[in-house]
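Since the structure comes first, as structure tokens, the remarks are kept for the end.
The letters A, B, C and D name the chains in turn, as written, and every chain counts its residues from 1.
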Amino acid sequence: MLRVGINGFGTIGKRVADAVRAQPDMTVAGVAKRTPDYEAEIARDRGYSLFAAAETTPFTAAGIDVAGQVRQLVAASDVVVDATPAGVGERNRALYEELETPAIYQGGEDASVAPVSFNARANYDEAVGADAVRVVSCNTTGLSRVLAPLEERYGIEKVRATLVRRGGDPSQTGRGPINDTLPDPVSIPSHHAPDVKTVFPELSIDTMGMKVPATLMHTHAINLTLRATPTAEDVRDLLTAEGRLLVIPERLGIDGAGKLKEYTRDAGRPRGDVWENCIWAESLTVEPLSDGRADCYLFQAIHQEADVVPENVDAIRAIAGLADGPESVERTNEALGIGC
Amino acid sequence: MLRVGINGFGTIGKRVADAVRAQPDMTVAGVAKRTPDYEAEIARDRGYSLFAAAETTPFTAAGIDVAGQVRQLVAASDVVVDATPAGVGERNRALYEELETPAIYQGGEDASVAPVSFNARANYDEAVGADAVRVVSCNTTGLSRVLAPLEERYGIEKVRATLVRRGGDPSQTGRGPINDTLPDPVSIPSHHAPDVKTVFPELSIDTMGMKVPATLMHTHAINLTLRATPTAEDVRDLLTAEGRLLVIPERLGIDGAGKLKEYTRDAGRPRGDVWENCIWAESLTVEPLSDGRADCYLFQAIHQEADVVPENVDAIRAIAGLADGPESVERTNEALGIGC
Amino acid sequence: MLRVGINGFGTIGKRVADAVRAQPDMTVAGVAKRTPDYEAEIARDRGYSLFAAAETTPFTAAGIDVAGQVRQLVAASDVVVDATPAGVGERNRALYEELETPAIYQGGEDASVAPVSFNARANYDEAVGADAVRVVSCNTTGLSRVLAPLEERYGIEKVRATLVRRGGDPSQTGRGPINDTLPDPVSIPSHHAPDVKTVFPELSIDTMGMKVPATLMHTHAINLTLRATPTAEDVRDLLTAEGRLLVIPERLGIDGAGKLKEYTRDAGRPRGDVWENCIWAESLTVEPLSDGRADCYLFQAIHQEADVVPENVDAIRAIAGLADGPESVERTNEALGIGC
Amino acid sequence: MLRVGINGFGTIGKRVADAVRAQPDMTVAGVAKRTPDYEAEIARDRGYSLFAAAETTPFTAAGIDVAGQVRQLVAASDVVVDATPAGVGERNRALYEELETPAIYQGGEDASVAPVSFNARANYDEAVGADAVRVVSCNTTGLSRVLAPLEERYGIEKVRATLVRRGGDPSQTGRGPINDTLPDPVSIPSHHAPDVKTVFPELSIDTMGMKVPATLMHTHAINLTLRATPTAEDVRDLLTAEGRLLVIPERLGIDGAGKLKEYTRDAGRPRGDVWENCIWAESLTVEPLSDGRADCYLFQAIHQEADVVPENVDAIRAIAGLADGPESVERTNEALGIGC
């Protein structure tokens, strides 16, 4: 059993911990946190060994036992997943390197934090045996999953995507905007296009970013100029066959993220998490262009809190050499209940 | 095993169905719906017999088998829970009466729909053996639970409550406001005060209603003039002892409904439901007045989709004479995991 | 002086009335309304003759004098602007035709309501002397203004635009969503692309529509494949020269619709109206493609309540033959203070 | 002509500047700012002498002339209005004292910043001839205006008010919450009650604060226990007679802040500002209690950006000894168009 330590037990970290625990071939060595808030309570209820990311005094003052300092957790782990806030991972790097513990970073870090930027569907093999891997951001993960099969099957001449992002997660009450639609960033392409290129170096892609007063999911309006002219049905079949894409049939009457997450909560998923990209079937459109090319369009919703979670699990297997890509993805999907 | 039919499988109905199934002494006879949308999918996945509330054709067209018409469901049930939209219950009443099936209605109906308006903590006994019972609305339920112990222990001279209500449930994308705070209704008292009086006929209470652009929970700012002068600690202890009140300690760092529901989702509750009133411990304040009286204040959050669910289960037991109040409440709490 | 009657005195109608009054060559014959609410108060304060669109009794009951029925207003007008809710204009058409009063309709009507769909910058001449004209919607107007100069100067191979629309106007408290991002419509292209083609029949354009919880402005993320490769500076200069486009310099620190409207309110514009498309200078980007073509990108914000107002004024001049296009546009801009 | 310098040209400062300029007995000596953004543009367009609150280089780099440093502005002013962000006023105090320029501070400062906390209706005389005055916050101003006449006429036994505050101003895109209702502060009374007591030292008042995802106005749900039992009509007449209270008749169909601000924008007010408290006539309710006392209820909306503006003008007159209270208020109201 591979021992996995998780540094940072917030939105991403707590989900990765639960996902690791659900796997047959790995176990949670412990989790590290800074503050004894409701998430510390959850760590305790779940029975995770809790380590102090900084001071232990706040925890003991709150009557919460800690198993030690984060350094001890890293030392006791075969792999560490860093799920601290954006930029903190880079600062933690020296510790992981000093203790020679292979590390998985999140998409809030700069690509330079690790030699490989990772998406299980697109470039699993590059991460096998690496010292460190960065799982790309929620948006880049969402884009990579849909681009990979289309690139392989038809070839992509160019991607133009508008990413309408949620202003903050449901629990981030300090984030706005309250009543505005912000070009964010104003400049084009947004940082997402270069980030996608860390996974698909040859791809021609431009992205436009926006931020809106919603908390549940990001929504992508995507145009792809394909080097072939499939029917919309062909594209639908191709995408439906992908394990981490959910093609939502019109019949379900799901008009946005509210009903989508209602559906997954109703279905009994932990935290109502949507690990898959959700693509509206009705939106899949293909329009022939000259020279056998075609413009393909689609809308997809991305649950920012959840889509990178299975990718972290796969990154752990890749870095530890536990399985090859298809095997790992299948094991992860099965253990979490992805795709059903 | 008591056979319970559920007419209307939306926000309330689907939760009541799952709650009934979780009880040791009752079973779901079936559920009735109008449209073959994602909630029909959920009914099927759960294995509930699905009946058509109106036409069967939309279901068969969508490839969903139905077990029959709602009339057959009512006939096959010992008790029917009507969870159709506000006002529709009244129209369904003739059917339940014709088939002599005792019925539970929801708070969207006028109080005149049934001889008893019900809250398990406050007036369980009145519903025992009744032909029909109305479970009061989410807001009235939330108020009743906190008023009952305070009235019993200290006596309440007057209640003045401001109810800041969510504009719509998370899946109701057609409801607003988007960027406004609406006195709703503008007139005072709002309809909530008379509704509370259907449960506490002698109580002096005024309520002011508002509507805001939020979807997760209602928030109540409550003032109670008590006929005694307890300490804030006394009140806290009294309320903490109540099974359906959660007193939230400051240490957890929960500042609103976002983090509150994050916590219950993290804790693994179905749909992240919060069946209990959530009272901020830090808000509990007592200020002495003349003549031994005192003003008591508190903030509480009410999960509108969930708080009436255990009350429906208790109403079923009361109407069917399965248990007395304390017994029923304990059985319901235990089966659902309320209060832990 | 051309006498202009305005039927419907809501968001659009009240602005058109004020804009007509500000022109040197036309006058407001009167305005028609249905209800004696705050907008009736405004009509009275402005000194507009108020006609009843339906019953007069509600007005007299509220102590507001009416000058007569809408039929009388139409009879007394040289041109009527119909600014009633979407779909009502079509129903009013028989009246205008019977009284032989040329009519201007709004974008909420189907294109078939009038022989010409109008944008002053793009096809003024087509409306000259027509019996009826439809001013295209706020979104189509915003697209037309930016497309016209780019098509003329460089030629446009294809437009791909994502229209992130406000859920409702600031006073429409009944409209949502509260916390969601909705593909709207889910199908692609949205109705906006065909609407643009009523103005540019030859243009290749696809649009994707979305709806978000914001009230101030629509925001467009636009990609244009040009048949030439200008620099971003060239495009900026071209668009800056257009009277109804405002290119917002980065230095002003305007990050969205909130600050944009704050700026125009500060500047003393009536109602803070933004009649022009607002294009973020920093967003203007050109990326060379093969064959001398280039992809051009930009973000623009459209004040849905205001941008069609000057277009209505120009449509009046066109239909009445008062001036040619450039003359009318200049007169309108000068009278309203557009572009400064 | 009294020379008034304004330090800080943001939401409050720019409005105070325009209001000062509109008075017959004072003039704007200049305004000070830190950054050359759109508000600097507005200062220039208005023809205000612009001083640098900190460095001048950003302004010259942006091609905006500055007249000097803030120290020069203060030296050239008979009175300075400090409208810098909360807490900065305290830091500026040494400068004003050194140059012996009487200063007006805003409600974001601690009450200790000045010997007098000011509301024109309640305690004008206390500020006459003072060295420094703090105009109380938007919420305290709104409460003071409605409390003063009720206290004078009937006597107030106790006030219990719930203040449902906007999360941020329309241009503050970084502020939340997006989808939550926050008790803020969680503890009771909120800081508003003590702040009201800086104006009414003897008053018994408790306040509960909340924050919601809206930007336009604060909304207060107020209960007052009066020492008399007027009719609702009496209270309405009393409040209607107050110059800075607008009692909104039901007939206008105004359901919240959106329509309220639409109305004032339509009416042509600068920035659509609502300087008055807006009280819903329909909400005014009186309920008899024992001993001749009565509970009075009302809803009011407060335009946080505007209501303190006339108070600043009056504070200037008080501190400079230009007029007595009633005279100043009348002059201010007349110059701004308040109450019509």
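To be clear about the criterion, a contact is a pair of C-beta atoms (placed from the backbone, for glycine too) under 8 Å apart; a residue touches a chain by one contact, two chains touch by 3 or more.
Being a predicted model, the structure only gives us computed values, none of them experimental.
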Chain-contact steps, minimal, separating chain D from chain A: 1
Between the pairs B-D and A-B, the one where more C-beta pairs touch: B-D
Chain centre separation (chain B, chain D; CA means) in Å: 41
Intercentroid distance (Cα basis), chain C paired with chain B, Å: 47
Chain A-chain B separation of Cα centroids, rounded to whole Å: 36
Contacts with two or more other chains, residues of chain B listed in rising order: 170, 172-173, 177-180, 182, 213-216, 255-256, 258
Complex contacts: residues of chain C adjacent to chain A: 158, 160, 162, 164, 166, 177, 179-184, 186-189, 206, 208, 210, 212-219, 221, 223, 250, 255-258, 280, 282-283, 285, 287, 295, 297-299, 301
Complex contact set, residues of chain D against chain C: 14, 35-39, 41-42, 45, 62, 170-173, 178-179, 215-216, 251-256, 258-259, 261-263, 265-268, 270-272
Complex interface listing, chain D residues touching chain A: 167-168, 170, 172-180, 182, 213-215
